[in-house]
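These notes concern the structure reproduced below.
In this document, chain identifiers A, B and C correspond to the written order of the chains, with residue numbering beginning at 1 in each.
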Amino acid sequence: MTSSRPDLSTSTATDSARVADVVTAMRAKRPLVQVITNFVSMDLAANLLNAAGASPAMVHDPQEAAEFAGLADAVVANIGTPSPRWADGMLAAASTAHDRGSCWVLDPVAVGATGYRHELAGRLLEHRPTVIRGNAGEILALAGISGASRGVDSAAGVDDVADRAAALAAELGCVVAVTGSSDLVTDGTRALIIDGGDPRAPMITALGCAATALVAACCAACDDPLYGAAGALAMITAGIGRAGARADGPGSLRWRLLDELSTLTADQVAAVTVRS
Amino acid sequence: MTSSRPDLSTSTATDSARVADVVTAMRAKRPLVQVITNFVSMDLAANLLNAAGASPAMVHDPQEAAEFAGLADAVVANIGTPSPRWADGMLAAASTAHDRGSCWVLDPVAVGATGYRHELAGRLLEHRPTVIRGNAGEILALAGISGASRGVDSAAGVDDVADRAAALAAELGCVVAVTGSSDLVTDGTRALIIDGGDPRAPMITALGCAATALVAACCAACDDPLYGAAGALAMITAGIGRAGARADGPGSLRWRLLDELSTLTADQVAAVTVRS
Amino acid sequence: MTSSRPDLSTSTATDSARVADVVTAMRAKRPLVQVITNFVSMDLAANLLNAAGASPAMVHDPQEAAEFAGLADAVVANIGTPSPRWADGMLAAASTAHDRGSCWVLDPVAVGATGYRHELAGRLLEHRPTVIRGNAGEILALAGISGASRGVDSAAGVDDVADRAAALAAELGCVVAVTGSSDLVTDGTRALIIDGGDPRAPMITALGCAATALVAACCAACDDPLYGAAGALAMITAGIGRAGARADGPGSLRWRLLDELSTLTADQVAAVTVRS
């Protein structure tokens, strides 16, 4: 397949306004998000959704995962602590979300680390996620699985990630969100880059997993998942930036983020730099 | 069956003093509470029990759940993230607690959401909980299961909840605790209402689940589960009220609650408004 | 077997310097630690490792536990919320770590409480842990399992724990770390005692479990697990001591500990009292 590298030009007021509108719409809807996630991220993902204005529900078992997906506004499948029974729940919920036409988001945690994660991610991709959210290494590993890349480049630069993320998005017909010191969101033809945050954010375990859950919430409240994903990441970027100004380390950065998200205004979200 | 609506008259100094005495007795006993709860609430439930002066133990697997229930002063069964193996552990522990005559508390999280939760709650009710703690929607859904009500009224008012909670308590021979902006505790003939707290408390995920665990701890330290449940809820109300005076959002409200619970005096608990 | 009670003489500058060197080496290596731990400790263990400068990975399922142990610098097996499937993952990872010659650490949570924990701990011991980290009651219970002691002495004094911990270490050919108001680390012939901390530390649920994970990280970065374990415990002692000076209770003590660990200097670690 051909690579459709997005054009990364200058920032526009329109993009910032659109991501802020997504946040407003998400809070107005208060979407019910079914979060099937790893054990480490449960607490933060649920509290971050609550603080941001969404409604989390951790419903994972095959006995009820598909039934609940029929009620939920969006579904998250996160493979951070996978096991066969949880995988069955993820697959059932993702399948239901796909069939209903509701948003579902894949978080391929450490997909390159073991054969089991590789195989599970491949099975989940068959249910066509609306958005995939990962770090650069995970997105490159996933591109290797999907065929858009030949493998994992652990030392890959940002340009290389942008290229492959766009190719992955185009191939799968989804949005790919790559988070790091800057965040990239692409659907294969369009791309948005979000700058900001705090250098200590990576010390908050599972912040990426919680971001994935907020991406699902925001995509449930707008028609364009490119801006849905960007809205969620801009919200976290704004919150972390404000929290970081007063935090002494990762412990205080975490609770200050929750405090900030609960009172963040649309103007504060719109102040985040969004480049397209 | 006939509805035995409790009489909600004016506050008495006696009730406040009794709930404060429960807290003092709980701390003196430092009860060992076996908490079989959902993955989201594990961290907060354990830390809240520790801060309040009880001793938590998360022991859930059928390999050891019943054996441990033979050692524990109280048992919690919370269906927030249910699965068949965990359900077997809950049923075994609840059965043991019932047979020993020790307190066990049911938290029917989102019981109305799926058929699996409905069925599991029904099986747990057969082991006769000492207390059921839920929000208004959960108590109404449970009343529907038990036969005391025909279904779930999502828009039900406080008066309606009080009526059905009392009927449910009378039918099952247990105490029903309904938490919300105010809390209601009833055994079918008596009722206590606890006022106070902080409007941001619902943004602390799993605070209700943690309250359930503290209800178990307090009931293990007194003879009357109506006052046991009220003591636990008054303790959380006092702690949240004091924490809220200095908190900037749900992140700081949570850790300040733990700080407050660890130093809360009996007088501070007695200052909570308890109406009967 | 004969008891090889360690000689507990006066403090030396050498010991303090060596434990500080361990911390420096750990941060330089940033070891990947596979933490198979209980549900209550997931959040704190991962965040504490991240704040301290290590890299946590919670990978537990038999589908991938052994494969991942082949990548990890160290492995933790913690039996706090055991079940048969998780036990299989622990055994597979411990076996792989042993065969590769990498460090693995056992945390025998509440091993004396149920027959299942007793049996599981016995099976894990067959894979020869590098370090065992527990509280006094757990180490005494484990000594009973191993044969070095006849049972659990719940009212055992520090001298008695030191004696039995040394005997257990000598019998198993490992390091035993006993944490409490002071910490003891012994390999059967040598011993180190670490003083300090904060009396409110026991109210932070799973702090001991998180300490176990940091012991694994530090042992992965030095050749002598006696000093590896002591380095981790000195780091937590220094962090808790500094956090405690400003904390109002267990809630703030926890996040302040994470903040302190993220900026702790080698000199601050070297200032902890280490007696040998």
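Here is the rule we go by: a residue touches a chain if its C-beta (ideal position, glycine included) is under 8 Å from a C-beta of that chain, and two chains touch if they have at least 3 such contacts.
The structure presented is a predicted model; accordingly, all values stated were derived computationally and were not measured.
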Checklist entry - Cα superposition of chain A onto chain C: how big is the rotation, rounded to the nearest 5°? => result 120
Item to check | Chain copies touching (chain B, chain C) - same or different residues, decided at half shared | outcome: different
Checklist outcome for this item: Taking each chain's mean CA coordinate, chain B and chain C are separated, in whole Å, by 35
Item to check | Multi-partner residues of chain A (each touching 2 or more other chains) | outcome: 39, 42-43, 254-255
Checklist outcome for this item: Interface with chain C, chain B side, in the complex: residues 39, 42-43, 46-47, 50-51, 56-61, 63-64, 67-68, 71, 85, 254-263
Next on the checklist: Help me check something: in the complex, which residues belonging to chain A touch chain C?
Outcome noted: 38-40, 42-44, 80-84, 110, 113-117, 200, 202-206, 247-252, 254-255
